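Structures for review follow.
Two complexes are shown next, each including chain A; its partner changes from chain B in the first to chain C in the second.
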Partner chain A sequence: MGNEYRIALAGNPNTGKTTLFNALTGLRQHTGNWAGKTVTLASGTVAYKDKTFHLIDLPGTYSLFSNSKDEETARNYIVFEQPDVTLVVLDATSLERNFNLALQVLEMAKNVVICINLIDMAEEQGIHINEKLLTRKLGVPVIKVSARNKTGFPLLLDTLDRIVTGKIECHPMTITYSDEIEEQIKKMEPKVKAIIGDRLSSRWVALRLLDGDEALLDELNKYLVREGTS
Partner chain B sequence: MGIDQLLSEARELSTPKLRDEIVQQLYEQSRKLCEHGIRYTKDKTDIRTEKLDRLLTSPIFGFPIMLVMLAVVFYITIAGANIPSSLLADFFGSLEPYLTAFFHFVHAPNWLHGVLVLGLYRGTTWVISVMLPPMAIFFPTFALLENYGYLPRVAFNMDRIFKMVGAHGKQSLTMAMGFGCNAAAVISTRIIESPRERMLAILTNNFVPCNGRWGTLILLASLFMAANFTGGVQSLVTTAVIIGIVMFGVVVTFFVSWILSKTALKGVPTHYTLELPPYRKPKIFDTVIRSSLTKSWSVLVRAVKVAAPAAVLTWVFANIYIGDTSILMYGVQFLEPFGKLLGLDGYILMAFILGLPANEIVLPILLMGYLSTGSLTEVDSLVDLKKIFLDHGWTWLTALNMMLFSLLHYPCGTTLINIYKETKSKKWTFVAFAIPTVIAIIVPLVITQSAKMLGVI
Partner chain C sequence: MDGSKVVKLAEAEKGNVIKITSIQLDGVMRRRLLDLGFVAGADVEVVRKSPLGDPIAYRVSQTTIALRKEESMKIEGELMSNGK
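Up next is the complex of A and B:
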């Protein structure tokens, strides 16, 4: 299993996430249950060099709070199943809205690739995206693709490859909040770290606790029991 | 120390505004990223959409424009429905003598003529002539606005208020649906993910007057509220009254949502993203034809399926005597004192009770009740209607009270069944019945008693 890796696809609805998934995996797909949940997620494989990437198509959501079942499913997968890379698919024609989700993923996971899809449409509309600058700002690779025209795939796969082999290290940007919230986080974070260790982002967990996210609490407890015994 | 303890500790530290600030910060960051990382060489592609949105969702003009849109839709409906309505009523009225003649010709017993012509025929044709024209105008007009992309903007404008009362912004979409049919709107609340806010939307949907209540509202408003005006002005006044009634329903919706979200359904509204699709010119012909045909058809089907049996039943109740009083009259006499207290009467309450299966049949039942005792035997035109009401001691206050009762009272049978199906709870279905009923009693009671005290009536 040394060269098999799990890549989770997250993104807003209507960003061509599933088109990208289909274009990458072709017919090598199946839908499977995960972690004993009744939620089914489509997954498929891509072979690249000597590696096999298992792509998991998470439900399309606008955010990753516990607003709905879909959001919880996507969130829980990214946080607790800890895929090797989380690929966030964004719509190039409405990035301002789409970045919201990307930033939320950056808060909860380290290995993230931002994949800006529908780049062909954006160029038609005169939208020019400086992916190098965005890469620097976000601290994770930003790659432009067009799933429909299958452009940008080699670079995307190569980037995934270099992340899982450790040739690229991600340093996702930290989103700073108001002084008041930062103060609260500072109080909570060490206590969170004492319980969950380094396995999850303690900053993110602290923030969610401050947000009073009870749905997350159950998942956290289950996760701790699972991890504690293994 | 466990995670659970940490959560309660976090709760102590945290403020209710936290989530808002988090979301705001996320959007602020997104905006900054785009400012630096994106360059536009063409002007914003959809300038029209951008400009329109700035106007239609503007904090200053958004609400007035919404009200004007609503008024225009209602005005077109009311002014446009007048003539076809009276034409249809005249047409059905002129057919009635032939039907009666036919029944005489075949020597049909009197009761059969009563059930079929005076009950079934009159009841059903009433529903068709009063309901069909407004629906055939309202729905296409509304569908045009919807297809143009205006409805999501309404949700956007209303979001702030809904949030203030602890409800979900998408509730305005389910309310818009309720203008057509509350039963369908209850199902449409599925678009709201959070169970708490969905329940709020279900419980308050009834305060938007549906299809079946338009006829009652429009008729009473034009007969009693706009009686001193003629022509286009009359339609304008009627529209203004209807808008007032609708706005009152909206205010009650907010009020009930607010009370519920502070008591039985406590909680903070969830965040959601509302996509504002680009404005699109709708296919006018397609929209008009499709929505008027399908809606008209469903009104007709409903008239036959629900109104017809109820009309027959009412006629039977009004004509079966125990002693020298009909069954209907027993009910009416029993309800009379309570009805008077609310500024209504026994007939009106009886009509609402018998009208539980469908709001469309409340007015026909009321008329049948009045006619079974009055001297008038035939309603040839809508003009005669007012005389029937006046003969039974109606004033503008009676009309206002009946309109308010109609707006606020319990949901119809179909809606209640759907509420049960959607909530899977007898308790919540009962609540959905009880809240409107209590409000529908309190509001006319207060109005009538204060009117009496002030001596305006």
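Up next is the complex of A and C:
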């Protein structure tokens, strides 16, 4: 069991998540429920060195702020089920749009890998992406792949391996808000931390409370009850 | 030259390009528009108006998105180009 890890795939619709999932798992896919929910997510396995990665294909969304059932499912999985790594799949030809979701994930999870897919198409269009610069700015590994041509996979798998074994430590960039919001976060964070401990990011929870996200608050309550009794 | 003219997205003409300056909406609606790419500083092009002017299709961040008038009335920006 010690060598099994869960890797969740998040991304906008049409970024090639399923293509990547199928290429990596060789279509060894099965669907299953999680945490007693009615939602089914596709999962499949990849063997790498002495490890087994369980890939989970989350619903494709533009955001993770519970405006829809899909967004709620993806968000709840990342935040409450806490996969070992969240792999954010981006469309290399549409990075501006895709980074909305990527930045949201970087705020809510620590172990994140940014996978820039469709790199073959981007190159055709003359789009050049400096992944080293992005890695430095974002504080997490950024890897270019083509799920269709199966390029970039060795580096991607090696990076996942290094994260789960602690050889790479992710330090996702912190997004700084206006002084007014930062002040409120500072006031709330200790109180939030007293309730949730270190299980979730207290900064992220404080932000959602400021946002007035009631669906999240409900989910948080359920989570705390679950955790408290286990 | 001070050609900067502020218009509401709902009032822009086909071909106009507008740089968004403000979104006067709150809550879930605001969040949704931000997620779709209607953020301050973004360039938006009016691609199509339906006969009754509602909804209107906009090009934003490489995607075409239709907004209802009640949404596009609340988004303002500078007219960058009238597309002519």
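In this text, the second predicted complex is superposed on the first by the 230 of 230 C-alpha atoms of A that agree within 3 Å, B and C clash if a C-alpha of one lies under 4 Å from a C-alpha of the other, contacts with A are read in each partner's own complex, and residues count from 1 in each chain.
Simple rule for what comes next: contacts are C-beta pairs under 8 Å (C-beta built on N, C-alpha and C of every residue); 3 or more make two chains touch, one makes a residue touch a chain.
Here the structure is a predicted model, which means the values were calculated and not measured.
J.: Sharing chain A, do chain B and chain C clash or fit in the superposition?
T.: Chain B and chain C clash in the superposed model.
J.: Regarding the shared-chain residue A:R97, is it in contact with chain B (first), chain C (second), both, or neither?
T.: Both: A:R97 reaches chain B and chain C.
J.: Touch test for A:S63: chain B only (first), chain C only (second), both, or neither?
T.: After superposing on A, A:S63 lies in contact with both chain B and chain C.
J.: Counting only touches as set out at the top, which of chain B and chain C does A:A23 meet: first, second, both, neither?
T.: Neither partner.
J.: For the three-chain arrangement built by superposition, which of chain B and chain C touches the greater number of chain A residues?
T.: B
J.: Check whether A:N130 is in contact with chain B, with chain C, with both or with neither, and answer first, second, both or neither.
T.: It touches chain B, and chain C stays clear.
J.: Once the structures are superposed on A, label A:L209 by its partner contacts, choosing first (chain B), second (chain C), both or neither.
T.: In the superposition, A:L209 touches chain B alone.
J.: Output check: A:C170 vs chain B and chain C. Expected answer is one of first, second, both, neither. What do you get?
T.: neither
J.: Considering only touches as defined above, state whether A:L220 meets chain B (first), chain C (second), both or neither.
T.: first
J.: Go through chain A and flag every residue that touches chain B in one model and chain C in the other.
T.: 62-63, 65, 67, 96-97, 100, 211-212.
J.: Tell me, which parts of chain A touch chain C in their complex?
T.: Residues 62-63, 65, 67, 93-94, 96-97, 100, 211-212 of chain A touch chain C in their complex.
J.: Per the contact definition, I'd like the list of chain C residues that touch chain A in the complex.
T.: Touching chain A from chain C are residues 27-28, 31-32, 34-37, 61-63.
J.: Residue numbers of chain B touching chain A in their complex, please.
T.: Within the complex, chain B contacts chain A at residues 1-4, 6-7, 9-11, 13-15, 18-19, 21-23, 25-27, 29-31, 33-34, 36-43, 45, 193-194, 270-273.
J.: For chain A, which residues count as touching chain B in their complex?
T.: 12, 62-63, 65, 67-69, 95-100, 103-104, 125-131, 133-134, 137-138, 175-178, 180-181, 184, 187-188, 191-192, 194-196, 206-207, 209-212, 214, 217, 220-221, 224
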